[in-house]
Structure formats: structure tokens, C-alpha cells
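A, B, C and D are the chain letters, set down in written order, and residue numbers restart from 1 in every chain.
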Amino acid sequence: MNYSSDEMMTVAAARALRDGAVCFVGIGLPSTAANLARRTHAENLVLVYESGTIGAKPDRLPLSIGDGVLADTAVSVVGVPEIFNYWLQPGRIDVGFLGAAQLDRFGNINTTVIGGDYRHPGVRLPGAGGAPEIAASCREVVVVVRQTKRAFVERVDFVTSFGFGSGPGEREELGLRGAGPQLVITDLGVLRPDPDTRELVLTALHPGVDVATVRERTGWDLRVADDLGVGEPPTDRELTVLRELTR
Amino acid sequence: MNYSSDEMMTVAAARALRDGAVCFVGIGLPSTAANLARRTHAENLVLVYESGTIGAKPDRLPLSIGDGVLADTAVSVVGVPEIFNYWLQPGRIDVGFLGAAQLDRFGNINTTVIGGDYRHPGVRLPGAGGAPEIAASCREVVVVVRQTKRAFVERVDFVTSFGFGSGPGEREELGLRGAGPQLVITDLGVLRPDPDTRELVLTALHPGVDVATVRERTGWDLRVADDLGVGEPPTDRELTVLRELTR
Amino acid sequence: MATIAPLSEAVAHVVRDGDTVAFEGFTHLIPFAAGHEVIRQGRRDLTLVRMTPDVLYDQLIGAGCARKLVFSWGGNPGVGSLHRFRDAVQNGWPRPLELEEHSHAGMANRYVAAASGLPFAVLRGYTGTDLPAQTANIASVTCPFTGEVLTAVAALELDAAVVHAQRADRHGNVQLWGITGVQKEAVLAATRSLVTVEEVVDELEPRPGAVVLPSWVVDYVAEAPGGAHPSYAHDYSVRDNDFYVAWDEISRDRDRFAQWLEGVA
Amino acid sequence: MATIAPLSEAVAHVVRDGDTVAFEGFTHLIPFAAGHEVIRQGRRDLTLVRMTPDVLYDQLIGAGCARKLVFSWGGNPGVGSLHRFRDAVQNGWPRPLELEEHSHAGMANRYVAAASGLPFAVLRGYTGTDLPAQTANIASVTCPFTGEVLTAVAALELDAAVVHAQRADRHGNVQLWGITGVQKEAVLAATRSLVTVEEVVDELEPRPGAVVLPSWVVDYVAEAPGGAHPSYAHDYSVRDNDFYVAWDEISRDRDRFAQWLEGVA
């Protein structure tokens, strides 16, 4: 079956979720990917939404973080303070799934302002939401974002969610308990932090994408892993389930 | 109708609760008095129990703080942390009803240890429970306790719940927001703190009790108010309802 | 005891010029009808507070009711940006909008602190981000037992809180269920409160997952059936997703918005 | 994912010599069956934690399982004192019992802090009392915004938590209702946890007021119908008030207690 680069990105994100993992899900692409995973290889994936629904099993794609289908199908519905204090903060969540307006070389995320200064921004974005603490407290973070030169920048204009700061040791110094952004999935391929430098490195391409294209759409001098892989294209089943979900 | 001094005490305690007040109720005499009040002059009294039941309307006397009848008849049942943090601590409760093993001249309460020292006590009592924060945070505190020389002491062996410390200004200095013990109801009469010295003063006798008896059963040189009153005996209705409740 | 009153009367009592006021709701149960009444009553200089200011806050901001916004995520959920919010921030139209910005965890804990009668709350939050530099309401606090440094946020005390719920009884006890967000905390954090409800009933039969606010912590209850539209009230209505999409068009243009605003008045 | 196992096996996995362990329950849902299994397994040197240690803790203390008690109210509710507890404190029998004593508000907040992954919690508590002088786990903390001095309590981190609930499903999701106390917090504060249940069912149909613990935060679930006796399980059993009264007699005398203890083994 033919597929779009967005479909490839969503399928790749879904595959990153192991069965049985507990996943803190934002709305949009992360939610689509998590629901796809639950319908394919990860039947026992636990979906936690910041609206307070734990273990939701929506029979359709939720249209917002507070969709009634989440409450109707959850194992437990709790208030918003509890979801952050009892469930996210102590490190009970395996994977946090985040999007980004800007993402930099060291995995820091900006969803606040672009251009100008904070008080007089070029573009005012929606802001932090749950992201700063998701980025801090989940065992690991997966970022799903379309790869463009505007989005993939040397240094974000505003650190909304902390990745690796400007390199190794900073998370540890700040006392952040989660491992931070361990995986960035784009419409072109996959980036992972170098274990030594914490810089995001291209580790896999989606089928049919070349390195030059990825580098063109990256705002820093992108390093490429020695053992650069190429992902599997979406299977027919993955595409069928995904299109069923999003139609 | 004939009545016992305990019945007089319970009726006097019930009468101290105005209709519509929100009352934090401990088990035992306070609970009996509050439930009597709700069945006589204070139909809209709101009963809050530390087990997390708000607005319970038990159709019989609860046998413990966690009696199922409280949950079954409550307007809302919340967890124990919430009852203390959202409901007691911010000063939403009008009246806190406390008992005491020892009560001193300045309304301080001991329910921890009597005699010896803390590590090697003469008598080990149950301890604080909710009392220290009830005494601190309710708009006012009513203490219900049988009057004996052993219980009414010059200075408590251990301050479990703070009344007025050793005199005026101490509650304010400590930042306690509630007005403290404004009323002590015993089987002999009623004591109130002197507005200036904060010392508990005998302000009313129950019918048939004389001052000498009260002074005899008080471990300090008890002051008597100039306008010492005498309470009304229990009405037939009060006694009937009380006996219905406790039989 | 809550007073049960018509919406216009209740809003007039609860929301006043210059107030710090939250119209809370986490996608679900957003008090649109009450917010529109605030626009009709011409309230000004409000400090609007909400974790997720969305279309209702875009409307209040565009109508010139707000002086300041305290929030953690301002967008049109599932659609994109809030154009009246952006226009106010980027161009000062119809008046400048001061921002105080937090994370969800921070805002939730600020409500909890206020509901608990505490001046601050402790969390693991904001660490390493650029947010603390922009407000005095984020600080640090040292654990007296371990020496660990944590984040403190100031209690979010409100003059007024407005929320929508499914039901109240005739005594003014309020019941809401489904996604219950921070509505309880907002009401408990406020000096004055108003709950609009789908219906007033004789008895609140218990519901799984329901939060109940006793009458004596609520000041006003007003019947406003459908009062959460275009958001929804679980078991009463469904979200009007088309309106959220349509809002993107309506709000992009000042004139088009002005036209919409006339329809509210 | 919780493992569903027989009670003896589950207790052996969850409660170990030297543990700091809470058997929580606020009059309701007290895990007596699990506690008796701990006595049978001969656990020693436990630091027993509970807001309201009552008859079960009197039994564990009398049986010599405990080295220390962390608590806020220790009595036989509605009856009087705990004689085994008193005997241990006043006479060191069968072994000395170290005490760490708090108020309910302090204990509840200590659980909340541990459940929240924080080293401490802030409250208005203990002020003016003689309690802070007796433990290092009560301190003060200054609000970084207002300068006000408040009370801090250290997080109550547990090796193990044991609670009783009405039901679990076959995946190990647990549901309890009625008075729910601090059971959720205790489980979330613990490294290992065991929930005994009245029954394991195919599906947890939603109940008003129910707290649900997802399977993935529970280690063991064990069926123990009637496992809260002489306390009760709301909608399953009623409290055996006669036993609480009888306990006063049984526990007053060491020999009489020893006889009772033989019946447990």
C-alpha cells in the first residue's frame, strides 16, 4: 500500500511503544500513534492522559485531551492535580510522548514563543501545558515532530521543556529523574541522543529518504550515526488500522 | 423526666450547635451531641467526620468514625488527606468538637501520656488523632469532658492540642487562625475563656449543681463568673431523642 | 448555603470588575454561558485564570474584558491557535494582555495550595526551563529533612470561580462527573463561586466518578442547560467540534469577530 | 501488572523482616487476614505504620512482630485502650516498642508526599503542641513568597503496603468504596504492595465513590473473603462490634492473649 510521510512517522512512533508500557499521551500525533500501537502490537499499552484518565481504551480516536470517550473507557478517572502529583511526578510513567514547535540539537523543546523576546514575541504559541514535567519525570521521552529547518534549530528560542540543556550532565545536576528525550521520530527518520555528547544524531531513515534531505531540513550540522539504519515501511495492517482510526 | 449528669452534658453540648453550622465531629460524646442537635433544633447542621464523610445524615448513632452509615448518607465522601487539607485546614469548619483526657486552665488538651515522661509514661493514651489541627483551624472549639480533678489540671502533662498556651496572645503569635476553645461543657456546668486572661472560668452550672462541687472537681483555683448562670434542664423531647439515639 | 438564582443575577453577584477569576474546565464542562453573560455585563480589567484557556477565553479577551491572563496552555484544542489571544499579545488589541505563564503541574498545584489554605505548594517542576524567569510566582524551597531543592509555586487565590456541572439539588449541592479537572480546587480557592448546571433536580443520585461540592462552599447556582456548548457535559451533550473549527475562521479577523460578538450581546 | 496469588504466598513476597510496612484502613477495610498471615509467618522487627492502629496492630505488637510504631491514634475505637500496645510501651512486653507519633493531618500528608515522589509535605499542623519535640520528622519551612513559617513533615516512604478492598478484576485492577481513607496513598507510597479482596470478578462495574488502583501499581492481589473481619467491607459485611468489645477482655491479660494467638497460628 502507498503511504504518506506523516503515516510513516505515526507508524514509527507507534512501534516505539512496547506492549505493557505506561504512556503519558498528548493529543494529536502522539495520541494517534499510541492508539495505533494499542490496536496492533501493544494490546496492553496503558494510556494516561493529563485530563486524569488512566488506562483509557478509546474505541475511536479521542478528539481532545478531555474527550468523553477517555473517561468512559478508563480504568480510573482522577482529578488533574492527582494525575500530575501521584502519577507523573513520582516517575511511574514509562514513556512521555511530546510534540514540539521547535526542537534543538540537545532535545530541548519550545512551545511558547518564537522570535522577538518573551514579552514581545514574533509568534505566540500555546505554551507549556503538561510538557515540562512530562519531559522531566517520565522514564523516557519520545518526541514526534515533522522535520523542517524552522523546527529543528541549533538552540530553541525558549526552553519550555528541558531535554539535555547544552550537553551531558545537566539533567543529573538539575536532579531530573527521567532519562529525557531518548527518541525523536520525524517524517524523515529517527534521531537519538549520542550517549556521550547528548547531541541528537540521525540513527535511521524512513524508506526512500536520503541523508541529504534530512540534513537540509535540520537547522544545525546534523551528525549521522555510523550504523545508520533504514526503517521498515508501514505494513498493510498498520496502515489499515491507522486509516480506520483517523478517517 | 429524670436525667443523668451525662445526659445533661450531652444536651448542653447539642444546644451549643446553631442550625446551619458546619461541625467537625469526633466519635463518642461529640458525635452523640451533634446527632442530637441535628434531630432537635439544628436540622441543617452539617456533620463532617475525619474519615472523609461530609454532610452525613446517619439514621442511627455511628459506632465509629468510619461507620458505613456515614458514607451511605453523606453528601460527599472524600479521602482522608482531602478532609484535612481542603476542608479542615483552610478554616471552612465552624465548630470543632473535642474530648480530652486532661484539660488545663488555659484550654490545652492532653490525649497522649499522663505521668512519667513521654518515653516512660505512667499511662499511655491513644494520642492525637485529628485533634491538634481541629483545635488549630476550626473557627471555634467546643470541648466536652466529664469534670474530675484528675482531668481538670493546672497544666496538662503533654500538649496534644493547643488551647491558649499559657495565656493571651499566644494563639495569635503562633499564627493559629481559629479562635480556640470557646466553650467547655462538662457534666457539672459550662466554662468559657476569660476574654482578657484566656483562663477558663465557670460561667454556668447545670441545674442542681453547686459551685463548691465544681471547684472540688477542678485541679486549679477555679474562677467563677460574676453573672454565673444556671442552664435549663433537658426537655422531654431532648431526652426522648437522646435515649432513642443511644439505646 | 448556595443561592439558586437566574444566570444574569448570579453572574452579577459573583464576577466584578478587576476580579481575579477562573472559568475552569478541562475541555469538558466549560462554562460558556456564564462567560458570555460576563461579556454582556461588560466586565472589565479581569485577571482571567485557567489552565487551558481556549475558545471562551479567546472570546473574553477579544471582547476586552481581560487585563491579564494566568494560564498554562492557550490554544484551540485539536484546531490550532487562539487568534484573539495572539492579537492581544502580539498587537495589544483590543487592549494589551499581560501574561503569567505556568505549566499544568504548576497551575494545578497553585490551585491545590489555595484550596488548602496554604501560601504555596511544592513540586518537581519547571526545572531547567525558561518559565521561572518570567514570573515571581515560581521559586525554590529546600527540604528541611533531605536538603533537596524543589520548586515552590504561590497559591492561586481567586476572587471568583465559575464552573459548569451536570446537576445541583434544590439545596445547592452540586454534582459533576466525567473528566472533573480542577473544578473542585478552583471553587475552594475562590472567595465567591458560581456553578451553572444542566439541571436542578430533587435528589442527586450517586454517580460513579462524581465530584460533589456541598452547598455550603458554593455561593450561587444557576440553571443553564446547554451552558457548556460548544464544549460538552458528560451524559448530557456532545462536544460541537464543528464550532471549534469554525472559531478558527471567525476569530482570525477582527471584523468577523466583532460580528460574532454582536450576536452575544 | 499485579500477580494474583494465594494469601500466604502474597504475604511472603510482600512483607519481610525489618520492613517499614503499613496495613492501612480507617475503621473500614482493615486487612486483618493479611495481618494474621504475617503473624503466622513469624515476621520480626517490623516498623508498623498506620494512622489508626487498632486491634490488628495490638495483635501484631502482642505477637512480637513489631520493633516500632509510627501512628497518630492508637486505640480500640468505641471501646477504649489497646492493652497489648500499652503493655509494650509501658512494660516493654513482649519487646520494647519504639514510638513515632503524629497527628492525623501530619500522617496523611506524609503519605501524600511519599505518593507524590516528594521528600516532604507542607501543612498548618502541630503548632504549639509537644509533638514536634519527640520526632525529627516534623520541622518548619518558610514560604518563599510570603515569609510565613509553616510545618513540614517528612515523606513516609514504605517498604510495603497492605490494604483490603472489595474487588479486583482478573488483570489485578482493584476497586474499593465507602470510606476509602489513605489506602491509595499508602499503596503509592510503597515499594511493594498487596491488596486482599473480597472477590476477584470478571469486570469491575463502576461504583459511586469508588477508588480504583490500576493493576500496574499493585504487586500482589490475594482473595480473602471476609478478610477485613472484625472490621467490615462496605456492601459485603458489617462491623463485628462485639469482637471489638471482646478484644478488651482478651487483650487485658497476657495469658489470655497467648491463648488467642495460638488460635491464629
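Quick note on the criterion: a contact is a pair of C-beta atoms (placed from the backbone, for glycine too) under 8 Å apart; a residue touches a chain by one contact, two chains touch by 3 or more.
Everything numeric in this text was worked out from a predicted model, so none of it was measured.
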Intersection of contact sets, chain A vs chain D, gives C
At what distance in angstrom does the C-alpha mean of chain D lie from that of chain B?
-> 28
When centres are defined as mean Cα positions, the distance from chain A to chain B in whole Å is 57
Cα centroid separation, chain C vs chain D, in Å, comes to 38
Where chain A touches two or more other chains simultaneously, the residues are 85, 89, 137
Indicate the residues of chain C shared as contacts by at least two other chains.
-> 112, 117-118, 123-124, 148, 184-185, 209, 211
Could you please write down every pair of chains that are in touch?
-> A-C, A-D, B-C, B-D, C-D
Sort out for me which residues of chain D touch chain C in the complex.
-> 117-124, 136-137, 139-141, 143-146, 148, 150, 152, 154, 206-210
Chain B residues within the chain C interface of the complex = 20, 22, 44, 46, 54-55, 75-76, 85-86, 89-92, 137
Going by the contact rule at the top, pick out the chain C residues touching chain A in the complex.
-> 26-28, 51-52, 71-75, 77-78, 81-82, 85-86, 89-90, 101-105, 108-109, 111-112, 123-131, 134, 148-149, 178-182, 184-185, 209, 211, 232, 234, 238-239, 241
Which part of chain D faces chain A closely enough to touch in the complex?
-> 1, 112, 115-118, 173, 184-185, 188, 211-217
In the complex, chain A residues that touch chain C = 27-28, 50-53, 63-68, 70-71, 77, 79-81, 84-85, 88-89, 112, 118, 120-121, 123-133, 136-137, 158-162, 165, 170-171, 174-177
